[in-house]
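Heads up, the next two complexes both have subunit A, just with different partners, subunit B and then subunit C.
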Partner chain A sequence: MQFLSYLISGISLGSVYALIALGYTMVYGIAKMLNFAHGDIIMIGSYVIFFAFGGFGWNPILSVVVSMVVCTILGTVIERVAYRPLREAPSLAVLITAIGVSYLLQQVAQLMWSPDPKSFQSIVAGAGLKPLELFGGKLTISAEAIVTIIACVVIMVALTAFVNHTVPGHAMLAVSEDRGAAQLMGVNVNATIALTFAIGSALAAVAGALLCSSYPTLSPTTGAMPGIKAFVAAVFGGIGSIPGAFLGGVLLGVIENLSKAYISTQLSDAIVFLVLIVVLVVKPTGLLGKKINVKV
Partner chain B sequence: MKKLISAALASAMVLSLAACGSTGDSSSAASGTGDSTAATAEASAAGETTPIKLGGIGPVTGANAQYGTAVKNGEQLAVDEINAAAGYTVFELSFEDDESDSEKAVNAFNKLLDDGMQVLLGPVTSDPSISVAAECASENIFMLTPSASSQDVVDSGAGNAFQMCFTDPNQGKTAADYIAANSLGTAIGIIYDSSDAYSTGIYTAFQAEAEAKGLEIVQTSSFTADNNTDLSTQVSQCQQAGADLVFLPIYYQQASQVLIAANNIGYEPAFFGCDGMDGILSIDGFDTSLANDLMLLCPFSAYGEDETTKTFVAAYQAAYTETPNQFAADAYDCVYAVYQCLQDGVITPDMSAEDMCDALKTAFTSMTFSGTTGENQTWAADGTITKDPKVYQVQDGAYVLMSSKQ
Partner chain C sequence: MALLEVSNLGIAFGGLQAVSQLDMTIEKGHLYGLIGPNGAGKTTVFNMLTGVYRPTEGNIVLDGQDITGKTPEAISKAGIARTFQNIRLFDEMSVLDNVKVGMHNQVQYGLWTGILRLPAYREKEHEMNRKAHALLKIFDLDGEANLKASQLPYGKQRKLEIARALATNPKLLLLDEPAAGMNPNETAELMNTVRSVRDQFGIAILLIEHDMNFVMGICEEITVLDYGRVIAHGDGKSIRNNPKVIAAYLGGD
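Here is the complex of A and B:
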């Protein structure tokens, strides 16, 4: 029974990683860049919800929607100002810019909202959902875990359908396949990349809401570590692949939680990264990554 | 157009370089002639003297900024009070940011030294303090840290570094003694941060003393700084092991997560924390009813009833519109401890930093100091402080002093 409870909280943590990883993997697949500021967009989104829901007492769903709008605008502005001018620059320059944006967001948050941590009130509990008790109360699953897992699956399915069955989705696929050729075929590359950032940032707002509902300490550095873990999840599952991000995220969460519970609370990160190394040695493109033959 | 911009940028860089050069020159000149100007100023204005230059180092930006900011505010408040009461500038404080990084702390120390610092009141966190204490030993500068509680800090200072706060092992030992003497728990669980010197230091000393006192530790769980998002597993482990008292030698941010996680699974042991727990009631949005009955070993409480504490808390709230935590109180006391030496005539403003260091070392080991963080405190020759432990219990959102059987 205890095992089941550890497993479920692992899947729930993994679902949050997966949601964040979706943002990483989409941006990487289409713009071929690592957006290290992604974790910090989550942090900003969480602060918006903290003030909208905790401060002004707005409806939890309305708060999440407002946070999604703010993050979408923020994400597209960052893309327009910081990344688009560097579209043809070497990838290293873009990487450094992304790290710079990440620090900028953290420091601005610190100036605006002070470095003191805030305790985030769960929006799931705020929406009136109660924990689920199974087997006569022996196993309690928190409402946050259930909502997180369901939200993650729904978003993953919706995103896959969007990419495969809509015109903007096809444009995304085309740009990720070959940017130059897509442009020649009349696809607006800049608009497609901006759309990708918008979707990724909106997902970041949802991820922030769920992350902080389950693990309720909010500070300007809240997004940093989950951001890095989610990046690992994206690589683990095969970067550029949407189902891969989901699988990688969930596996990462489960491995982390089970090794914490049964092996060592200190070594859990080491075990997670050991598994990652083994996977990458055996399958360098990640679990669901595409193998690309480069013709010379 | 591009050429124009680059030309403008280049000229701006040249100008800024020149500016660096000139400020560097003036500061070194000032420190060179510091002694003579001090002497002339004293001679010309009878009764008034040049200020003693205090230096502060601490993280005012970055992940640990809340501690550095509290220390900076506490020191500034004390300096302002002393200056206002005297009617002239007794102390002059310059505070440098170290982002809780050892290398930046040493750079900040060198900068302060160049600017003529005579006494150092810092750094705030343990790792930077260990590096800076070594510099203080080699440069012969007196260092009084408000809050760096690791034993390594005073060891590294080789007699030049003093602490205003409890040393970690001391705190762990006191906590175990208190729990044993008052029979607070029979099966003890511990959750600590294995990546943090403060937390590990207290844990090690607590464990040794608990064994000596016959306390049974049934579960020890840890986490690291990179792995502190989810602490529910650690809480479940304590529940599984049947712990009826959970000892939390960790900071209040993580402690609040532990309390929430325990509440989520309906686990209600007694919780016992150390001074890092102070601040838990002022977290924005935290449901303070979860902290009811929480015990903490802490030298300072903003809810204290004595006159010194009340005056300090009122002044701090007026100046910064927030309730001071223990870091601010320690920093405030640091300035007053040095002021006490000045009033006793142990130091005079015209002393060089080296002479002042020797004088303060002798004075600190023989004097008794009462401030906001304790009465009749004394220092040992190695720089560690002796103060009475106070255990508070949270009741209805305030600290209540527990009656001690010690």
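Here is the complex of A and C:
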């Protein structure tokens, strides 16, 4: 029974990683860049909820929606100001810029809201949802875990449908395969990349809300570690692949939680990264990664 | 007025003048050939016409509209479509979806209409599918509509590239070595296809090709490039007998 409980909270944690990983993987697939500021967008989104819900006492769903709007705007503005001018620049320049944006967001957050951790009120509990008790109280599943897992599955299904069955979705697929050819077929590449950032950032806001509801402390560096782990999850599942981000995220969460429970709390992160290394040695493109076509 | 008027077009990469003083006029509905030895600058001309490269001198006017230096997507919208020397399909997407990407410019609906699959969206989607299937049928590809583009045999991939380019609703279609890698039977079939595309769609076609039978067989007008300059222009017969062209291909002075 205890195993089941660890497993479920692992899936829940992994669902958060998956939501963040979706942002990494979509941006990588379409803009061919690693947006290291993605984790910090989560942090900003969480602060928005902290003030909207915890501070002003707004409705929890409204708070999340406001946070999504703020993150979407922030994500697209960052793309427009920091990344678009570097569209034809070497990828290393873009990577360094992304790291710069990440530190900028963290420092601005420190200046505005101080580095002290704040205690975050769970929006799930705030919405009046109660933990689920099963088997006569032997197994308790937190409401946060249930909401997180459901939210992740719903978003995955919606996103997959969007990408595969809509015109903007097809534009994303086309740009991710061959930006130049897509452009020559009349696809607006800049708009497509902006849309990708908008979607990724909105998902980051949802991930932030769920993450801080389960692990209720918030500081300017809150987004950093989950951001890195979600990046690992994206690589683990096969960067550029949407189902890969989902699979990688959930597996990563489960491995992390089970090794915390059964092996060692201190070593759990080390184990996570060890698994990543092993997977990449055996399958360099990740679990569901596409084979890399070298164009000549 | 001619469909495409290129005047004094040139481009330099650093100190290298890849193309210079290119004049070319393509009439509506014409089949036009651009030939020349390897490295003559033919694909560079295509890249300038489609906005991949920005010309350093000269003008390109399509149907009265100056398109010099515009972005590839704007030029696609203005009415030039192309295929590539090395096939560049969206390999992981279905044959049908490849064609639908080409229609991107012509569909307008909001993001939410698409996400929520509102009736307006479904109607447009239906219309797009119908058009895409009709295009695939012309190239005898409608049976393979749901395969991934990468699963098609080589010859059909070349055809799909033409279908995808036509989906953008062009006035001028550029074909970059359409017969490359094809056997004589496939080449003969492609000649018929290219002709019937011109007739059915009423568009002009500019093509680069090394297969001289192909070029002489279907092009009404030919321009020959060598070292980025026009060395000859005329119909197939006059080109075939032009001493400059023979010298460029066979060497000598």
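The rule is short, and it goes like this: the second predicted complex is superposed on the first by the 293 of 296 C-alpha atoms of A that agree within 3 Å, B and C clash if a C-alpha of one lies under 4 Å from a C-alpha of the other, contacts with A are read in each partner's own complex, and residues count from 1 in each chain.
Criterion: contacts are C-beta pairs under 8 Å (C-beta built on N, C-alpha and C of every residue); 3 or more make two chains touch, one makes a residue touch a chain.
Predicted model, so just to flag it, every value in this text is computed and none were measured.
Contacts of A:168 after superposition: subunit C is touched, whereas subunit B is not reached.
Of the two partner chains, subunit B is the only one touched by A:110; subunit C is not.
When the two complexes are overlaid on their common chain A, residue A:187 makes contact with subunit C while staying clear of subunit B. In the superposed pair of complexes, A:178 makes contact with subunit C only, with no contact to subunit B.
By the touch criterion defined above, A:97 reaches neither subunit B nor subunit C.
In the superposition on chain A, A:265 makes contact with subunit B only, not with subunit C.
On the subunit B side of its complex with subunit A, the touching residues are 61-66, 69, 194, 221-224, 226-227, 229-230, 232-234, 236-237, 240, 253-254, 256-257, 260, 264-266, 282-287. Taken in their complex, subunit A has these residues touching subunit B: 2, 5-6, 9, 13, 50, 54, 107, 110, 114-121, 131, 140, 142, 211, 214-217, 219, 221, 225-226, 257, 260-261, 265-266, 268-269. The touching residues of subunit C, when paired with subunit A in their complex, are 50-52, 71-73, 76-77, 81-82, 84, 86, 88-93, 97, 100-102, 104-105, 107, 109, 111, 114-115, 117, 121, 128, 164-165, 167-168.
Interface residues of subunit A, counted against subunit C in their complex, comprise 158, 162, 165-171, 173-174, 177-178, 180-189, 195, 290, 293, 295-296.
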